[in-house]
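A single structure is presented below for examination.
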Amino acid sequence: MHDPWVFVAFLLPIGLLLPAVAVLMGILLGPRKPNAIKGTTYECGIETVGETWVQFRASYYIFALIFVVFDVEAVFLFPWAVAYQQMQLYMVLEGVLFLLILAAGLLYAWRKGALEWV
Amino acid sequence: MGDPFGLIGQWLMDLVTGWGMQPVAALTLLRFLGAAILATVLLLVCFLLIVAERKLLGRFQDRYGPNRVGPWGVFQTVADFVKLIGKEIVVPDGIDKPVYWLAPLLVVMSVVGIWAVVPFAPGFLGTDLNVGILYIVSVGAIGTLGIIMAGWSSNNKFALLGAFRAVAQLVSYEIPMVLTLLVPTMLAGSMGIAAIVEAQKDMWFITAAPLAALVFLISSVAENGRAPFDLMEGESEIVAGFNIEYGGLAFGMFYVGEFLHAFTVGVLFSTLFLGGWQGPGAEQFPLLGLVYFFAKAFVVWFITVWIRGSFPRVRIDQLLSLNWKFLTPLALLIVSLTAVVDKLAVEQGWSRILALLAANGALFVGTMAVLGAYGRSVRLREERLRATAGGLSTGIAR
Amino acid sequence: MTVLQIVFLVTGFVTLLAGVMVVASPKLVHAALWLIVSLAGVAVLFVLLNANFLAVVQVVVYIGAIAILIIFAVMLTRRVMADTGPTHNPSWWLALISALVLLGGLLALILQVPAFAQAGPTAQPAADSGLSDLGTALVDVNRFLLPFEVASVLLLAALIGAMAIARPADAAEEGGE
Amino acid sequence: MIPLSWYLILSALLFCVGAFGVLARRNAVGILMGIELMLNAVNLNLVAFWRYLTPGLIAGQVFTLIVFAVAASEASVGLALIISIYRRRSTVVVDEINLMKW
């Protein structure tokens, strides 16, 4: 039962390990002469002003928010899509209804101007 | 010549059990070897992919591309690799060390992990998960995580800003991608990639769902973060983006991840919509299936490179508008329409493909009409603005 | 000890350790990253329980979406969070005691009920049909149609509510013409 | 074979760790993370019970799916509240958000 996952359980750590070996090789073989200038934050040679933690706009959060809701919705629909061929018409329509209820949310965001990037 | 992959697997199995191993242990060992070989080959193929892409881009832009190292410059990436190894890795102060070093590895892992479920030829695939499609989405989500970790740990406000932008873009375009993935799932009645390829025996899904395929391709290219959606690497706006503080091979890993992902997009598109290894004679001769598979994948990959070489970069507001105001509603419509039309077609005994094609065509015409109307309204508004502006300036002149 | 048991123990340990780091880590972003490790551990446990679909959903929804949202929120509210003040209540030991009492009660309960001592699953669930059965169950009037549609309405309400709350007041006023 | 009680004990431990986080953290986002841990412990319980006691019924999986939806809603609204409070009062420490106390 867990059989198909064995390959995944091998592939993911190997996929992590191989680049790690490459990076490690770079660290070991490359020269290493750190100094204060090299350690500074890179901004094309201009001195950094202020700290890294400048405030970011909340729009980023709004988009992440819409994404989360739609992501959950899409995931809910996958079992529906798998069972699609055995379904009667009304069941299909229920899935579509599920979609359209959330489409109303997208419409709301659109009307309210939450999708504008200004 | 019947089934080389099955034969090879059987032969290896016999070989290992011949050494006195338990069958279960032998199978596990073979799986481990398979995973190791797959990952290694993928990362090595990347050397060729990068040269090929650079050559292609060069030709698109009327120049030669790399042509010095080796015949036609094929060893250019090897030279770059050696150079990157020999470079000093400059690590800025104030970084968050474990997170900083983990981030590029996660990005590569997320791309390599996708290949676990890709069927190369009949009977030749890593593993057949019954939730293959969602597995691909979930592994892709880890890449997003790697990018935000890179941006956060670098202690650089431009890296952080780049990471914010990149994540906003990646998560946004994940929605139409996931929604259009529902279409092949519906048509095949399974989330397993092998079953989806199997279901395309008679017709490729692109014939039944051309619009879904198009939306999937666009959002995949955007997920990959390349031109015209390469905002996460706006050199002139945010210095470089989330990977600014990385150097040497650590930066190289982001690069590898991106180029490998580009090819993976081709592979996924050809598997989900172009029938994967399906083709005349592929059932009898699995090797032929392998050829079909890579031929299709390379064609799609070529198209993405072509897109990259042809289109200018979009602005971030255009990027997000394209996704949320165009692709996502369109994907919602496609899924609803496909579900209803396909079910009706089966129940009424219409021809499925024709009904689906007609529905897609109607949707396409409708979308074009809406876009045309929108374009006209924008042009009108601009003309009116220009007219008033012109009036103003003449007024001042007088 | 079978291989499965070892996998379970290792995963459980990692999950739990990550959980402890989530509540103990002084840096909030680290806590969020540990939360992701813990969530991934739970996904592996789902795989051990033959719930393939739930395992990938766990990764897509929790790691791919909710964790990203949490990291965004941490970064957006960062300026204050960078402060050096204590990360825990002065009366954190009270919380510890309550948590331990809760744990004791739960453990006593778990060890008492004989049905919970079951050594292994009684029946194998159907391997592949489970997924399509789940899909049908979600839209069948006699089964889970109502929870399914209510979930959609709940998500809609969350979307609209969160958007109304999170947008700056001036943006909310000028929006919608 | 893994005994059912192992899953239950692990989930109880995870639940209590989350509960401790909710009670002890000063930071609102930290509290929310504790809640996510607790929800995960509940999910683990639901799936374990489904697998061991009623593998024939699909209800365990459906419940877990609904918990996912609830968790997503809760996280998005909760974090939106936190961001809104932060914008107005420049704090996310729950002890200092005490306007409603009097």
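A, B, C and D are the chain letters, set down in written order, and residue numbers restart from 1 in every chain.
Operating definition for what follows: a residue touches a chain if its C-beta (ideal position, glycine included) is under 8 Å from a C-beta of that chain, and two chains touch if they have at least 3 such contacts.
A quick note: this is a predicted structure, and the numbers were derived from the prediction, not measured.
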Co-neighbours of subunit C and subunit A - touch as defined: B, D
Pair exhibiting more inter-chain C-beta contacts, A-B or A-D: A-B
Chain at maximum distance from subunit A, centres defined as averaged CA atoms: D
Per-chain CA centroid nearest to the all-protein CA mean: A
Distance from subunit B to subunit A - Cα centre to Cα centre, in angstrom: 14
Euclidean distance of C-alpha centroids - subunit A vs subunit D, Å: 21
Rounded Å distance between subunit B and subunit C, as computed from the means of their C-alpha atoms: 28
Approximate Å spacing (C-alpha centroids) for the pair subunit C, subunit D: 6
Residue numbers of subunit B (touch at least two other chains): 129-130, 134-135, 139, 160, 164, 167, 171, 174, 189-191
Overlap residues in subunit A, where contacts from two or more other chains coincide: 5, 53, 56, 58, 60-61, 64-69, 71-72, 75-76, 78, 81-84, 86-87, 92, 95, 109, 116
Interface hub residues of subunit D, defined as touching at least two other chains: 65, 68-69, 72-73, 75-76, 79-80, 83, 87
Every chain pair meeting the contact rule: A-B, A-C, A-D, B-C, C-D
Residues on subunit A engaged by subunit B in the complex (per definition of touch): 4-8, 10-12, 14-16, 18-20, 22-23, 25-27, 29-34, 38-44, 48, 50, 52-54, 56, 60, 63-64, 66-67, 70-71, 74-75, 77-78, 81-87, 89, 92-93, 95-96, 99-100, 103, 106, 109-110, 115-118
In the complex with subunit C, residue positions of subunit B that touch it: 96, 99, 129-131, 134-135, 137-142, 144-145, 148-149, 152, 160, 164, 167, 171, 174, 189-192
Subunit D partner contacts - residues on subunit A that touch it in the complex: 58, 61, 65, 68-69, 71-72, 75-76
Residues on subunit B engaged by subunit A in the complex (per definition of touch): 28, 31-32, 34-36, 38-40, 43, 84-94, 101, 104-106, 108-109, 111-113, 115-116, 126-130, 133-135, 139, 155-158, 160-161, 164, 167-168, 171-172, 174-175, 178-179, 182, 185-186, 189-191, 239, 244-245, 248-250, 252-253, 256, 316-317, 320-321, 324-325, 328-329, 332, 335-336, 339-340, 342-344, 347
Interface residues, subunit C side, partner subunit A - complex: 4, 47-48, 50, 52-53, 57, 60-61, 64-66, 68-69, 72-73, 75-76, 78-79, 82, 124, 127, 131-136, 138-141, 145, 148-149, 151-153, 155-156, 158-160, 162-163, 166-168, 171-172, 174-176
